[in-house]
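Would you mind keeping the following structure in view while I ask a few things?
Chain nomenclature is as follows: A, B and C, assigned in order of appearance, with residue numbering initiated at 1 for each chain independently.
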Amino acid sequence: MNLRWSALSWSLALLLLGLLGVLGGTAVGSQGVEMWWLGSPDPVVQHIIWDIRLPRSLGAWLGGALLGLAGAVAQGLFRNPLADPYLLGSASGASLGVSLYVSLLGGSVMAVGWLPRLGMTGAAFGGAVLAVMVTLFLARGVQQTVRLLLAGVVVGVVLGALASLVALMSPQVMQAMQGFLLGSTAFIGWSACALMALALGVCLSGSWALSRVLDALTLGESTAQSLGVPLPQARLLLVGFLSLATGAAVAQMGLIAFVGLAAPHAVRSLVRCTHAGLLVLSAWMGAALLLMADVLARSLMAPQEMPVGVLTAILGGAYLLWRMNRIGAGRS
Amino acid sequence: MANEPDRRRSVMSLAIQACALKVALNGRSVLRGIDLRISAGRWTCVVGPNGAGKSTLLKALAGLLPVTGEVLWQGQSLANLSRQQRALQLSWLGQGESAALDLRVFDVVMLGRLPHQSWLAAPSAHDLAMVEAALKSTQAWAWCDRTLGELSGGERQRVLLARVLAGNAPLMLMDEPLANLDPPHQVDWLEQVLCLRSVSTTVVSVLHEIGMALHADDIVVMREGQVIHHGPAMDAQTHQAIEAVFERRIRIVPLQGQWLVLPRI
Amino acid sequence: MLERWMQLLILALSLALTCSAAQGITVWDDRQQAVVLAKPAQRIVSLLPSLTETVCALGQCAKLVGVDRYSNWPDSVKSLPRMGGGIDPNIESIVAQKPDLVLLAGSTRGIERLQSLGITVLSLEPRTHSDVKRAVLTIAQALGLTPTEGERVWREIDTGVETAVQSLSAQARLQRVYLEVSPTPYGASESSFMGETLLRMGVRNILPAALGPFPQINPEWVVRAQPDVILAGDSSRQSLLKRPGWAQLRAVQQDRICVFSQDQSDVVMRAGPRMAEGARWIAQCLNRTARGTP
């Protein structure tokens, strides 16, 4: 790709792509692709478009943005190109939250009235946040990156095993977990969109303000410290933004792989910029990726829906494979 | 140590002073009680065998490690200086730390201006000028737009040096700055340091290349976490201390006004 | 004087409330939460096979406008549009059918989403015999049937089960049963739905209730327990003989194994109105194995 657009041009291009995707998403549904803007549809279809397809497409865009941003923050924070948003155990925490929620629901009539109100989203979000807190506790703060990574892996594996254990106890949990693990945008409504938009606003602006910290970190921890960067506080804040973004996305959509991993790589292959640009562009890129995958998932086998996680894995995996090939060819 | 150098040092201002400095890493004592006075505007080199604690000493002097004892810059204790103030006074070049393969050369050098910039502000014209000057002085200006990953080891080192120069701090601490540099560029670095010294920048470097180190003003000889000798590079006593710490496997001989390090075989 | 007015006001309010309540229908779901319907449901989407069967058992099949992909009885529902499954209901398809009532299990995803779109949702997940009775009566009420109608349908089912129980020979009742649900192996204990049917028949289950309804059992346990009869699905049958020690089981050697096909397993496993048929099938099987003929 020899286009040397600036970061700003790419930003606008990706936003435009997102807009087109959202519009396209409203045209795809249980009846296949229908161009509703040609001709006047009946009120039920209008209702479906405005209240189901539009928030769903917008939600896919917002969720993808959250995951893309989280991926860029994770890769910068841990200085590891293989880092993804689920690194600190948030995925397993969310799974455990969901499995506990479904198993408790399935028990005898609950005296605890708040549990149904919490909903699967609340359980997933709570689980993700708790997992990150356990990771931070085990790693005794954010000071040492290797310790943090190790603690994240441990927490992820242990909580994942616990979630499997809970699922084993009752088969209905296993089914619910399967659905959660595959990821879906089908249950996103306007309130979910509002929540994700709020999370995106907070995390994007906060991470952007700390983008210089991430730049300085690329030169090494000692060097970053010597440049006067308030490393402990900045790292804690960045971990906070990372977990908030991941938790918000996972709570609404389940576990969707590869978006957080592939988006920053895709951005870096297009344009060279500091983290200030990388964070924002990763968000727009992740949004466009997930949106396209979602529209494909809904239209490929209409009226059946493919789980969007399967498509992002295929698309993301194919892209990374292509990148690997190019890198290999370039070096030889 | 001779009396004259002592008096000289006490008359000039002290850039860095270490009092009873002790550092323990992973429960092991690395620096055992170091007292050091480094004068301002002079170039000091730290030499010694592997494992002597040179890098640790440099990090401790830069305030990047928790220490027992005191480190003073320009007479002020490090603990009393804010992070910003410390960053303005010191430029640090670490050993083999960087993984910034995706960052552009220009952005890397601009990071050296970080202490001078307010938090969210765009780089000022002065910043841009400093970056350009720094890149030109290390002959890296042509690679402005390339990423670090596209450069060879030596080229990368020159960019990182430029980052230190762009910071324009009165105190520069460099750990193995000649890594991967070929002879012409090693000489470039030498000239740059001499130029810095002429504008009263204090430079402290850890070097493995004794021959280069002997061009410095002062040499600190270390062994097993202690300072064995601290004196001018021209002094015979300093040369003897260096030969002794390397088990007399080398000898230092004069040649055309400079010093040569030869193996004793 | 003021007191008088207050009393009249309170009287008027309570009258109004009772009037409105009388016009609407209030039913209670599994979580003891009230679901209010303005009038009896006319367009129903069901996302749980046992609830689909309940609606049809009440003779209201015609009111179904959409079912999940696993509902397959009676044959007429096979031609209805499919709305996905319990873990992935297709929200759009459901809304497109304009239902005034959606029946689903509590563990179905997207309940809040449907409710936020203004759809009335009734969550019932029958897992015991009394659950089935409650489901029948609740759905009958939601469909606007008289209580006697609902009771009649339930009595039919209950009588059917009772008849099956009575049909067991004395010998059959003495047998100890192992019911396998899937080849992992997952078994059905006394606290499962089928376990309850077996309990009612007075037959002993080698898996006690303490293990939970569907424990993943160590095959060794079954060998130790030496059941007299094994009830298993078709897929289990293939792997039964390959398990170490199982070929020596009394039940295997004397071929006292009842295999149920996919259709039959739907009848036996689902906690729905066909439980009488399921009980009959189990009773026939147990009688057969007691007599010693395969």
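We take it that a residue touches a chain if its C-beta (ideal position, glycine included) is under 8 Å from a C-beta of that chain, and two chains touch if they have at least 3 such contacts.
Just so it is clear, the model here is predicted, and its values are computed rather than measured.
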item: Identity of the chain that, by mean CA position, is farthest from subunit B; value: C
item: Innermost chain, taking as reference the mean of every protein Cα atom displayed; value: A
item: Whole-Å separation of chain centres (CA-atom averages), subunit A against subunit B; value: 44
item: Whole-Å gap between the CA centroids of subunit A and subunit C; value: 38
item: Where subunit B and subunit C are represented by their mean Cα positions, the distance between them in whole Å; value: 78
item: Two or more partner chains touched - positions in subunit A; value: none
item: Junction residues of subunit C - those touching two or more other chains; value: none
item: Subunit B residues touching subunit A - in the complex, by the definition given at the top; value: 59, 62, 64, 83-84, 86-88, 90-94, 97-100, 102-104, 107-108, 111-112, 114-115, 119-120, 145, 147, 160, 163
item: Touching residues (chain side subunit A, partner subunit C) in the complex; value: 29-31, 44-45, 47-48, 51-53, 102, 105-106, 109-110, 116, 119-120, 168-173, 175-176, 178-179, 184, 186-189, 191, 303, 305, 307
item: Of subunit A, residues touching subunit B in the complex; value: 79, 209, 212, 215-216, 218-223, 225-230, 268, 272-274
item: Residue ranges of subunit C touching subunit A (in the complex, touch as defined); value: 30-33, 84, 86-93, 95-96, 98, 105-107, 109-110, 112-113, 116-117, 125, 186, 212-214, 216
